[in-house]
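We just call them A, B, C and D in the order they show up, numbering each chain from 1.
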Amino acid sequence: MVRILTTGGTIDKVYFDAKSEYAVGEPQVTEILREADVTTPYTCTVLLRKDSLELDDEDRALIARTVAEMPEKHVLITHGTDTMVETAQALAGVEGKTIVLVGSLSPARFKNTDAIFNVGFAFGAVQALAPGVYIAMNGQIFDPQHVRKNRDANRFETA
Amino acid sequence: MVRILTTGGTIDKVYFDAKSEYAVGEPQVTEILREADVTTPYTCTVLLRKDSLELDDEDRALIARTVAEMPEKHVLITHGTDTMVETAQALAGVEGKTIVLVGSLSPARFKNTDAIFNVGFAFGAVQALAPGVYIAMNGQIFDPQHVRKNRDANRFETA
Amino acid sequence: MVRILTTGGTIDKVYFDAKSEYAVGEPQVTEILREADVTTPYTCTVLLRKDSLELDDEDRALIARTVAEMPEKHVLITHGTDTMVETAQALAGVEGKTIVLVGSLSPARFKNTDAIFNVGFAFGAVQALAPGVYIAMNGQIFDPQHVRKNRDANRFETA
Amino acid sequence: MVRILTTGGTIDKVYFDAKSEYAVGEPQVTEILREADVTTPYTCTVLLRKDSLELDDEDRALIARTVAEMPEKHVLITHGTDTMVETAQALAGVEGKTIVLVGSLSPARFKNTDAIFNVGFAFGAVQALAPGVYIAMNGQIFDPQHVRKNRDANRFETA
């Protein structure tokens, strides 16, 4: 059983025509798992719907508390990329669980998107990795203490 | 470093208009990794281009020998789904490597396809799993001794 | 009111995994019109489901008779590309209607397909053209007496 | 020969990750024509790159002057949907040309978009219609004097 928490971010962004702005829409992760005909059981909880730049310490405490209290050992968190590293570090105190954070650099609703690959990648990693907190982006499994988002290159890299 | 071997199968199927038949085309796995902007280093070798129903014992011996002789510890094999289990079992003798077989139930060139998710899933699994041989399909990591393709449901399941 | 007849062809091809062959599936034209939120009224009739290479004189007589008997003045026919020209010529005797034949060189279910553009193109042409029979392919409106499918280039051209 | 002018609008919208806002990117119309393997000759000019809400009288005068001075008789204009009707009305004075305005309600870069169908539809209409100014949206050819965008239903309708 994999437990999924969604917190918002680019992966779930929706385009609203009238105002030409993005807002965080329905979680795309379950749509992606359904289209891939995934048979591993999972439960998805919509915890927050924010740009990750808007997440504050209280939000991170909520995420950590929610993860700690869930019975599942394998936890996948979809999250905006801008502060994914901060949230991963805030989860360092959670013991005995494999926690993988994933997001995407372009929205899942786009024709060309990294969202489908990334969710697949994270879903494989979360089932296979030893307990700990990880960031799964660009086909790499990162240690939250040694990773940064390179905004110019628009990708994650070891730091 | 992940080593990728392609052997054919639905994932790489191409449609030829004039004759209304499928043939195995260029490997799609590298295209999928490129579009997801994967930064983990990998090398891809096109070993075979066959429907997996056409693979024989000699082909399986070739795959096993090739995997055994490669220096990389993490090996991803794209393969047709109909005899993926047989090939995985034929790789049981290879020691000290994490070998993950993956394919797709609809071609990567289709609009609706499990190929992108599956490659992501297998790419995560192959980096995270302990040495051994695994089948990565339908978002599950299977032991080749306890899996079968359910043709009616068109998915893999524990057996 | 636009009347649509579907006769089969690549546009509606479906891939059946078990046997690695294509068969003609449900008409894609109505799916395409629905996704584009088309508001012009239309009625769709599934007349035949064949590769156009399999259409014979009897099939063409059926198509011509059906078109002649329909009350609508604007008729769109989806058709395989290999014998689209023959069918268009067989419709020459139908008077007082704008008849446009269209198909696609890759299936509508593919990620990269000309089907959506082509259906849009033909749907515009059939509403705007004077009575007559036309072939709408590759963004061109062709006279059936002066067009051929160039199989090597995989496109239609003036002949 | 079809002459294409691009003026911006949703069809060309691009998502910029860092700032979570849309901006008008490279014209998508030529990409769409290329992918459909269109063989009718055309020339594309990027005239403006604006949300149509930002277009003013000066912009409309520029569009009208540019269309009037071009040698081609068949002119396709891609345009934002919010003020497409106003621009079409501003073109009423141009004589002897078939002018078709088209746009899309979701960006061409989205997985689910009306942009490909709409460009196909307009490309067929512009070649087939008599001289005049037309709006081609939702699979309908509208007279600019009798059409409005229904924002709630997110589609064009006769008015």
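Note that in this section contacts are C-beta pairs under 8 Å (C-beta built on N, C-alpha and C of every residue); 3 or more make two chains touch, one makes a residue touch a chain.
Quick caveat, the model's predicted, so the values are computed rather than measured.
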Interchain centroid distance [CA atoms averaged], subunit C/subunit D, Å: 26
Between subunit A and subunit D, centroid-to-centroid distance (C-alpha), Å: 38
Euclidean distance of C-alpha centroids - subunit A vs subunit C, Å: 45
Where subunit B touches two or more other chains, by residue: 105, 112, 154
Contact graph of the chains (line, ring, star, complete, other): ring
Pairs of chains found to touch, sorted by chain label: A-B, A-D, B-C, C-D
Complex interface listing, subunit A residues touching subunit B: 32-33, 35-40, 105, 112, 114, 116-125, 127-129, 136, 138-141, 154-157
Residues of subunit D defined as touching subunit A within the complex: 10, 13, 15, 17-18, 20-22, 51, 81, 105-107, 109-113, 151, 154
